[in-house]
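In what comes next, chain A is part of two complexes: it sits with chain B in the first one and with chain C in the second one.
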Partner chain A sequence: MMSAARDGFGQLLLAEWTKLRSVRRWVLALAALVVLSVGFSLFASAGSGTDSNKHPDFVVGPNGRPVADEFQFVHQPLTGDGSVVARVVSQQNSHAWAGAGVMIKDGTRSGSRYAALMVTPKHGVRLSANYEVSRAGRAGGVPRWLRLTRTGNSVTGYESTDGATWHKVGTVDMRGLPPTAEVGLFVSSPPKVVVTRSAGTTSVAEGPTTGTATFDSVRVDGAQATGSAVWQSDRVTQPHAQDTLEGVPDFKRRGGPSTGSTEANGVFTVTGSGEIGPRESPDDPVQAALFGILIGLMVIAAMGVLYMTSEFKRGMIRTTFVASPRRGRVLAAKAVVLGTTAFVLGLVATVVSFRLGLPLLRDGGFAPPAYPTPKLTEWPVLRAVVGTAAFVALIAVFALGVGAILRHSAGAITAVLALVILPAFVAIALPTTGALWLMRLTPAGGFAIQRAKPPSNMLAEAWSAIDPWAGLGVVFAYAVVALALAAWLLRRRDA
Partner chain B sequence: MHAEWTKLRSVPSSAWLVLAAVAFTVALGAVVTASTNTRECPTPSTCVHDLAKVSLTGVRVGQVAIVVLAVLVMTNEYATRLIQTTLTAEPRRLVVLATKAVVVVTATMAAGALGVAGSLLAARGMLPGNGFTAANGYAVLSLADEPTRRAAIGTVLYLGLVALLSLGVATIVRDTAGAITTVLAALFAFPMLAMFVSDPRWHTRIEKYAPMDAGLAIQATRGLRGLPIGPWQGLGVLAAYAGAAVLVGAVLFRLRDA
Partner chain C sequence: MQPSIEVRGLRKRYGRTVAVDRLTFAVKPGEVTGFVGPNGAGKSTTMRLILGLDTPDEGDALVDGVAYRSLRTPLVRVGALLDAAALHPGRRARDHLLWMAHSNGLSRRRVDEVLEQVGLASVAKRRAGGFSLGMRQRLGIAGALLGDPPVLMFDEPVNGLDPEGIVWIRGLLRSLATEGRVIFVSSHLMSELEDTADHLLVLGRGRLIADTSVEKLRTAASGDRVDVRTSRRTDAMTLLANAGATVAAIDHELLTVNGLSGERIAGLLTGAGVPFSELRQHRASLEEAYMELTRDAVEFNVPTVRDA
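After this line comes the complex of A and B, so read on.
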């Protein structure tokens, strides 16, 4: 019985596949999907340019990627194994991610290797290292004891509320850190970013913040520690792109924010400004390379609708249903055939677009160090390339469902295209929160899967502000609901 | 002429589409206008918003209904084989195409006029409440103002040209799905591309030559000097596309069998 049912579905699949490939117009449309997608992607790639490498606002980290590295550092050298301990007594809430804590770093050059254990005003205790690792400790703020211990090539962070019971936050691999490193106290306070979107324009303003923290019970222990405790205070600093800061009222960076440190009776008061962490531009060359799939989406949306409605128009659906009376299975077979075809062709289009588009983008300025070359083997890039193909497949299935629900080509195609494309245009005219919700509620959010970089609300395209999987999830939900509704209606209505 | 008008009028979808064009234009225009506020500007009197353009944002969505309407006028006849009857009754094909064009453009411009009037009225009501008052140095939106009048009339003409473009493409493609997809892609793909492309030269090219971007230059009422293309020249670019589509459509319509 089971195998008979499976054979039945196999035959249905074969029948639907034959229908798809024997209509010349559809085969042409499918070929056009690939060609137009690749062509338009190349168009987008050739037209994209940036001068980030000429006006850098970053330094290059040990991983070769652009990073931010700016803070106030009160330090002394430590050779070999050892540890640094301090109690953060107070911390100003200058930014939710402002940091006050202990650090071990390869010198005082901005962009060098480091491990830091800090307390933040809103995000508890964090252990961060080499601009990549950011591990959460327990929640809560000051006062807090913090300790970093170096053992060979690894550094372990511990924290405590009373200085007696210590909790391990984590251990980080610090290969590449020289035998003699600088250890001490630091204070950072990231810039405040204000994004406003209205009437079709997105404006981004960034202004520095400055935070102060006090420390006591500061101690450095080590096999070869000098013990003489000569502390030096330095501002670790990086270049800034001045143009992004114009128009910010409290802008003080040209003169430099007043930072520094004082010590009295073992109590250190440190004032710092700046951010430590990855600083990649939100502009995403991978997304630009895949942009042309938009045209493919329009083609597949029309085809998905027609794959269903043309059967109604010619009365073919009655023959189909006589041959296979279980209507839900016919719909399922159509969805499988069309979805698979769309996914495979979508994947061909995205891979070719990616391969051919990247060199053009590199010529346009999307080159290292500001834009490390994306590789297909990296997960976010692979996610974008394969996920975009899945986006194409889901839109095809969604269109099929809408076609079965409306049974009218013009209406169904317009409905699908309007839902996929128009929200992006409405969103750029709306304030940020409105745009965000529009992306969470319409299939236009699916464009987020084309991004290989983390979500950012600093770009014109509204979908860049939502998580890629959330965006694709919305499309998935639309496809499932449309199919379910279509199956129910097919069973209820006469053909 | 009368026959074409009856055909358009008697299909229920036409009325819905015209209604949708007006409703979407006014509704979206109102939403965007409502979200435009002097609070976002450095000071209440230094906003650089092009208020007429902001209040007419809705046509970007409303035009979709017009595209469908104009495409269906042609392709519906092919889908139902009515075209053979039509051409038997009126064998001069160019007359058939011209009549269709006149009817659909008239209906579109009527809808466009309603949509534009509704949008401007809504904006007039809302903008002072959002800080765009005479006290802050903003004049009330009014058709007595030459640039605003140009934007209003131009937007109606824009919709008429979009209808012509759609009719032309529909005559060439003779298929509802293909024609709608082609026109929507031609209109929306380029502005979407403009969201990404960072190179200013390409931005200028898109604003100058893409049908929707160039055509909507007609809505600009301030900062004209900074625009890559003037308002009327922009509308002219769209008119060239529409004219070309109708011309090719007309030639093919004459040469091909129905």
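After this line comes the complex of A and C, so read on.
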């Protein structure tokens, strides 16, 4: 009488997949997920524009990306191997990240290769190179001995509090630095940025700061160093957005007269203004290209809920549990099938949106050098494209769980959308701290994974300010908790 | 081991309503067991408890000696039709059976076989939403038969079937029983089970009123009454009443006599010269017996409408 039967999770997956693919309306909804996501992404990409390249506030660094490079440099040439050493006697606390130290640089052109060892008012000793590398030394401020030594293509930084015991901070690869480079002292002091959020607008005000530091015991050693070369003081400068705008009367006052350097009895007093480091706009073309996934999320939220609540609607759940009495496994199978489907479709949507959206964004001004072309092979871009698909999958699973908990389609869809979409809008009207916490505590934070650029609080979208993984982590936690609660309730309740 | 359904001290309440009250019975293989009772008597609840869908407050229900929820591939042990509407209307009939088959690792071939068996092969690719209630019943029965299980439970399977369908399902139930399976069928109408069931479990207000074979129930209800057909009704009534019988007139020619044997009645009537055209042992219908049993147990008692 009995037929050959097999019991296994694979059987359940096959059963749930059959359920999902055999309802035409669901298949159409899933197709709509891709089409609508891509459509809205392209619509948004075509409507986005920027004039950053027309009004640059950056120079192009050796890696081709926009960088900031502005400071006061007291220097002399050094050919071949050698070292520069100095003691920073005092430093004005003009900015937490103000720098005073020694540098080796390819000339004095803004944006050229460099290696710098500095002391900062709040962040201890730092070794930085080529706008990319930033390595922390020991904590503490002035007075501090600093030494940079060039050996071929590498430069090593050492620091000391007494000039006798030296600590190695690190070695950086300086390939591309010409045999003759400028070495000397520098002072930088980044601009102060004030971000104000209120009722839907984010305004960013930026003002320059100026810092002064004093040095003594300054020495340049090298095989070909003369020892008596003349020190030259230069202000390394870069363009600012205001410089190219008309009708801004006070731009010429920036920094200008207040920087410079003096020397008396071997004591150098250097005053500088400006910042050295990456300077990429927080505006993210990758996120812009993936904007339409918002619509896909709404579709998958509804799909995830319906995939579960349809079981309760006509007593289908009884047929399901008669066939598979282990309810937790049924829920798990549903989650795997729906999550995988959502991930695959989400990935199709993100990859297509990215591929087709980028050229549109490029036409709108998101072009090099202000916006280097994002490539799928770069980790942050790949993270955004694949992570956004994972976001879609997690929302699907979350919606499934909420559907199982509430057992009511309209209520569950409303609840999911209220938790995923609503905070994103509410946050716009909230002050920074409130917005930040809203993103850390609700699944809306998941939008952070769409960004390929580092977190920034300068944008209206609150999720831009949190770490992408923190955002996706919140969504993951919501999905897991909803699923666990759903499993518990399914086992406990009468079907 | 013989297939069986066993229920011991089963009790379930929903809020204040006691749906099933200390129910104990066993269903044996090889015969059709009818599960009858008025609407709301607790038949569907009992079936849900047996299938592990609802959790009993007390007692337990076992299928083949084990709790349903502990079965790994239940479709090959128990087939159940609970509610013909319990399917997604947007799904094709074949896909509905296919996911069920997949969940227990049954072959696709079984799906086609049961579709053939219930007569739905020609509409296998149509969406269930367009099915009549009768077709849905057949689809539900196909689902129950999928794993070819030794235990089968059907909740009101006759609902919505056309006369041809009713004949079909009676034949199906009988033949499944003949194969030695446990066949447990519920209905709120005794007449639906009259020609099908061998054994009856009668439920009223959640309690078991009767657990008996169909034959015994009929005999009990019939009592030792005798039906007499005569053209001289009044004379016959007087004669038999004087002989100590209780006589009731059914119509102007038919009497039901209680308290005298058929032989004695024939002797009395012949002796007095009262002619009669028919004399037979009274045979109560199951419906009558059932009405008798459940009179006090009907959940929603409507006052009897009398003819003017």
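Keep in mind that, in the parts below, the second predicted complex is superposed on the first by the 473 of 495 C-alpha atoms of A that agree within 3 Å, B and C clash if a C-alpha of one lies under 4 Å from a C-alpha of the other, contacts with A are read in each partner's own complex, and residues count from 1 in each chain.
Just so it is clear, a residue touches a chain if its C-beta (ideal position, glycine included) is under 8 Å from a C-beta of that chain, and two chains touch if they have at least 3 such contacts.
In this text the structure is predicted, and so the values were computed from the model without any measurement.
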Combined model on chain A where chain B meets chain C, clash or fit: fit
Touching partner for A:Gly47 - first (chain B), second (chain C), both, neither: first
Contacts of A:Ala323 with chain B and chain C, given as first, second, both or neither: second
Contacts of A:Ile421 with chain B and chain C, given as first, second, both or neither: first
Contacts of A:Ser409 with chain B and chain C, given as first, second, both or neither: first
Partner chain in contact with A:Val183 - chain B first, chain C second, else both or neither: neither
More chain A residues in contact - chain B or chain C: B
Distance in angstrom between the closest Cα atoms of chain C and chain B, superposition on A: 12
Chain B and chain C footprints on chain A, overlapping residues: 25
Chain A partner contacts - residues on chain C that touch it in the complex: 48, 51-55, 68-78, 80, 82-83, 85-92, 95-96, 98-100, 102-107, 110, 127, 143, 146-150, 179, 181
Chain B to chain A touching residues, read off their complex: 13, 28, 31-32, 35-37, 40, 42, 49-50, 53-54, 57, 60-61, 64-65, 67-68, 71-72, 75, 79, 175-178, 180-181, 184-185, 188-189, 191-193, 195-199, 201-202
Contact set on chain A toward chain C in their complex: 1-8, 11-12, 14-16, 18-19, 22-26, 310, 314-316, 318-326, 494-495
List of chain A residues in touch with chain B within their complex: 25, 40, 43-44, 47-50, 196, 198-200, 247, 283, 287-288, 291, 294-295, 298-299, 301-303, 305-306, 313, 364, 409-411, 413-414, 417-418, 421-422, 424-426, 428-431, 434, 460-461
